[in-house]
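Here chain A shows up in two complexes: once beside chain B, once beside chain C.
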Partner chain A sequence: MSELDENNEPSTRSVTVSEGEPGPSDWSEFRAQMHEWRQSVERVLPPWWSRALAGTLIVIGIVLPFLFSADSGFLNATIIAVAYAVMSLGLNIVVGFAGLLDLGYVAFYALGAYTLGWFGSGFFFKAHLHVLVSPVASTLPGIHLNFILILIVAALICALAGALIGLPTLRLRGDYIAIVTLAFGEIIATLAVNGTSIHLGGGQTLTAGNLGISGVDSPYFPGLGLFNELNLRPWYWLIFGVLLVVLFVNLRLRDSRLGRAWVALREDEVAAVSMGIPLVRTKLMAYSIGAAFGGMAGAFFGTYFTVVNASQFQFGFSIFILGMVIIGGLGSIWGAVAGGLLLGYINYYLIPDVLNSLPSKVGLNFQLTEIEFGIYGFLLVIMMILRPQGLIPERRRRLELTGRVAATDSELVEPTAISTLGLAESE
Partner chain B sequence: MSAVADSPPVAAAMEVDHVVKAFGGLIAVNDVSLDIPKGKIVSLIGPNGAGKTTLFNMLTGLYKPTSGRIVFDERDITRKRPDLITKLGVARTFQNIRLFGAMTALENVIVGRHTRMRTGVFGAIFRPPWVRREESEVQDRARDLLKFVGLREDSFDRLAAQLPYGDQRRVEIARALASDPSLLLLDEPTAGMNPYESDALAQFMRRMREELNLTILLIEHDMKVVMGVSERVTVLDHGNKIAEGPPAEVRADPAVIEAYLGKQT
Partner chain C sequence: MRPLAAARRYIGRWGLIVALAALPVYYGIRDLVHGYQAGFVAGHPVVHHDLTQLGFNFATGLSNGAIWALIAIGYTLVYGIIELINFAHGDVFMIGSFTAVGLYTVFGLTTAGTAGIVLGLLATLVITMIVCGVLNTLIERVAYRPLRNAPKLAPLITAVGFSFILQNVGLLWRGGSPQSVPDLINQGKTVFHIFGVPIVRGYILALGVMIPLVLVLGRFINATRMGRAMRATAQDPEAARLMGINVNQTISLTFLLGGALAGAAGLVYALFETNIWYFQGFKAGLFAFTAAVMGGIGNVRGAVLGGLIIGVIQALADSRMGPQWTEAVVFGYLIMIMVLRPRGLLGEETREAG
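Now for the complex of A and B:
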């Protein structure tokens, strides 16, 4: 037990790394070897290599659409996968950084999409407001804002909604947060369906329900012209740009005072507030920022799918995004991107375009798209067995989940929660 | 609190005034009053379940007292939020170490400095020069504190959960000191230490008081430490204050002996 206790402190109790059950020592040797190799590689590389790598990736990202025809199915899948990655990054802030299990993320997809429906179509047919839109759209009735403005408005609306949804969960922990957020997701989805009965006056309703708000504007930028379905490249660059912005914000936040406060709250709420972290503000910030990113991706989906339909906002979508975060590695920014891209490609390319006819080829009477949730479930189970820390785990979680640190919660902190703040320190 | 006569009267860092805490029918702390004079080391002792940690939790804002008043630095902090109390200058450690296990020792200390930093969301995203400066200052300060509490430098970037027990205690104290407190509450800091380590810690407490101008309130079971380091001792039993005074006096108090050992028959 104390062989790893390098300081050899004569302490009676030790909350340290312990080998636990007699593990295969060659395995840990192998790990140490790998670690050494990695470090030696890093020593050889110049200090700017990570920047160079990031630059290369961005360039690859920009030229990627030229490798495929402008209306190819793969490009279509890529666009959706990138938008998923944006959502996954947003949810990762709430679930991964701050440790608040949010099962109602679909609410922000809905709100973002409706922001587009409200401010980028003829839905509010009585209004006439046009800001920097295409010549065609500026002749139409309704509110028409430039897509960049819609992105900003969607982010703001969702940030506000995120804080509102976060409020009732502040006093809750773990599973209870999941239940409340799940309920909120369902409320928003139901509101979307029944919005046809909510009258805003003058024959105007809140949503178009299952009929959907159609005829939404495509993004338009002076110089680039109006986006259309025949050329998907501009769509790709648009969402890729959004991804880069969101990624940048994520990285900056992670390594900031706020990012540390989130992790501290996740690790030990009582200790965190005792160290001066304002509980309410910090948690609401996580909800708001996470929701804002979901709203941006939602607005993009709205215009990309050309319709905002209440039936798009299903509970399963929340789980789908959560699956991306978990498969990528909870709390890991690059993991969230990888998970979003992976599940996006599986859902929109691998299953429908590549493997769909596989069952019929072996004489089975169904299509693979019919069992896609079964496939995700299977993937998730495999993942939890083989690599519970996710594809690209966060440094902290890696240690937590692979058993290298045997200090369990009960050793480190008191078991959870009776009173308001969960203080149950026995004397 | 005039019952206790300290030779030169000092201003109180914290005054606890008739504080009661009831959990339903259970009265954990019953009408306890207590003065913590500035610059002193005061110990709070008592058998298990006496209400010491409950009192601590009220002083730091984690519990709201059922009744009574707590004044720190001439400000009423009775129902203030814990993070605001920390900002005013009260810091604490926990009986069972509560470090952020998945953060490094250094990051733990940096988190402790949260209230003394200004960076908000936009500062974090755009990272203007003043934010960079603040970050590097906090890093330096955290390193200094870890050195001050005697952590070896190669342990700074290790995850807190991986550190040996004694080092975890050190990091916890450094984390508490990071908020520039004027009053430090230590909840059984020597728990799990051998006599040699306890001795070193007692020395260190005196050093902290001298060098950082601290007032220290200490919950402690190790009588050797209590008698050696504190200028004043308050004894709680079943939520009631049963004795208060200089260590030697308290040690001889029959009520205290009874609380610890039971009545002599």
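Now for the complex of A and C:
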């Protein structure tokens, strides 16, 4: 009987918090206080404070690698974590902004990495095309493009693929979209593995399968120094630059007409369409832009890991990226960055370097790296149950999830000082 | 505009059925016209021009499909009642396989066949079903019930999370590589022939477990009080609650039933494939979900039909294109279903898949 009683309150709002959550009243009071406190601080600060903060953060980001030796493991983890943050930002557009659950994001990782494999190595050994590459690479056979060009090509290819994957899901909603994208991801992964038996003519295959396309070019930018495994700093500056560009695009998109259209579609598709939002174009744009960022990060991973190997492209990777978006907070740009960095560090630093021998210390016969996906699964479950809005929640979603339904327009509009640059997550 | 709409309606009605028939018809004609290599006699290949190989594919496919059908019922029941894709379901099936194989040693079942083996396997079946049913119910209690009123994305994500947790439990339990398990029933032994197609014990086992379970389940859903409660909750949880049905208990019951069937599938898989590993649940779950969608999600008969069809597609792809392409073919069909007929073969129009 007691279980029946739980459901007895009128279910006018479908988004109220369920049982087990601490009563929202004391929390919301606390939050309101924090909000007030923050606003009073912002009133004291000069109007350019957010620009100054952004500048400081960028400078810190640029000098960060000088604090570590050029080949340190921590710098390696940082580079990967920043690249994950780029992917996480891309997926956040699809899942967070537009509310289309994409479980096949690994497809864009694969396509981006293969773009690098195709256009930045000797894989097409009969072709001879060299555009702005290092003196060494320009003597080798194959197609060799400058890394910036590869990034652009990867973004274009992935945007096209994203739109193609989006097409069959246009009529569908929710869970069905998840399954179709998952199926596409698996199909691309299967193609990558079996690409050795797809012949393009002249002894040329589509991919190198599980053997991998090796001998890919390192990026070549004369000002940044040599890109190799002993000198990780230029890699870091490269991916940090990509992150800044992607971040800027994300911030501008969120407040644009398109960004608002995504949120409108996510919240109520029927209402949004009847208000004149073009459903097809808006949804496909979400898929395409999200995919493009994933492809850029994928191309970077391809050159950073020096091999494009089909066995990298597993379903678990899609969930790993989704975990970043969720742990950060769905729809929240800074959340996506934080989630990407956090899981990147956990995956490449905390689990393998710091905690790996923990189970054997307490007498268990396995290593923590074996069960890393179990750990992410556990994080996802815990996160969803205890803090479904994520670490740095998007304003709108946090209001929904904490049951503060009386969100007026004035609460949702961002404070002007911040929205000029759109730097800080609306708070 | 009118002919376009007519074409669209036509494709919606027949497109999926044509797409499904294309594969067996194409390979059947190819076997008849070009023939296939049936073996070697004195070093020379023997080419046959008949449908025996196709029949063989169908026999393998239907028995594989029986396993997918048992899992698909779990998906379809759960989706029917709370509109959630229970992503962890495939991994519950995997745990079922592992439990069953663990029980082999507990009951001392070995390939040196004794009279007690049937009894032992029946006990294994019952215990595996109970274990998986309870496990599925627990997952619902821990991961889905607290999120009953949250946005729909939330329980889907916890389901994915639990899928990974179960996979890693399996990984720690039996290691990361596929393990062969004792072939208790000598599953490859031919019992009789139908039109020259050998019917082996494994086929009979798979269908012989699936059909009675499905009949009992159908009887349970249609003719008992609890089954009626399930149907009522699936139709309208709010109204069912007002009519005095304990909705939470009914949902738990649904997960119990789905998990039990997945457990049965786990035992059949271990006996039939004689090979288990921690990742089997992923592929099985996706195939079974495809089956559930193909049949029309929420529809038990549809899940069985879809399971058998997916099994046949899988067998055809396995033997004609090579197993490495099977997943791509099945997922290609999944996307085709979504484009051509989202409601599935036997399903009704729903809000989700219009």
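Simple rule for what comes next: the second predicted complex is superposed on the first by the 371 of 427 C-alpha atoms of A that agree within 3 Å, B and C clash if a C-alpha of one lies under 4 Å from a C-alpha of the other, contacts with A are read in each partner's own complex, and residues count from 1 in each chain.
Note that in this section a contact is a pair of C-beta atoms (placed from the backbone, for glycine too) under 8 Å apart; a residue touches a chain by one contact, two chains touch by 3 or more.
Nothing here was measured: the structure is a model prediction, and the numbers come from that model.
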Contacts of A:267 with chain B and chain C, given as first, second, both or neither: first
Contacts of A:385 with chain B and chain C, given as first, second, both or neither: second
Partner chain in contact with A:184 - chain B first, chain C second, else both or neither: second
First, second, both or neither for A:277, with chain B first and chain C second: first
Which of chain B and chain C A:176 touches, first, second, both or neither: second
Which superposed partner A:252 touches (first chain B, second chain C, both, neither): first
Chain B versus chain C as contact partner of A:360, first or second or both or neither: neither
Chain B and chain C contact sites that coincide on chain A, given as residue numbers: 6-7, 11, 14-17, 400
Interfacial residue positions of chain A with respect to chain C in the complex: 3-4, 6-7, 11, 14-20, 95, 99, 101, 103, 168-169, 171-176, 178-180, 182-184, 186-187, 190-191, 193-194, 315-316, 319, 322, 326, 330, 366, 370-371, 373-374, 376-381, 384-385, 388, 400-401
Contacting residues of chain A [partner chain B, same complex]: 5-7, 9-17, 248-249, 252-253, 256-261, 263-264, 267-268, 270-279, 285, 289, 396-397, 399-400, 405, 407, 412-414, 419, 421, 423, 425, 427
Chain B to chain A touching residues, read off their complex: 23, 48-54, 57, 60, 62-63, 81-83, 86-87, 91-92, 94-103, 107, 110-112, 114-115, 117, 119-121, 123-127, 131, 152, 159, 161-168, 175-176, 179, 192-194, 196-197
Residues of chain C that touch chain A when the two form their complex: 79, 83-85, 142-143, 146-158, 160-165, 167-169, 171-172, 176, 238, 241, 246-249, 282, 286, 289-290, 293, 324-325, 327-328, 331-332, 334-335, 338-339, 342, 351-354
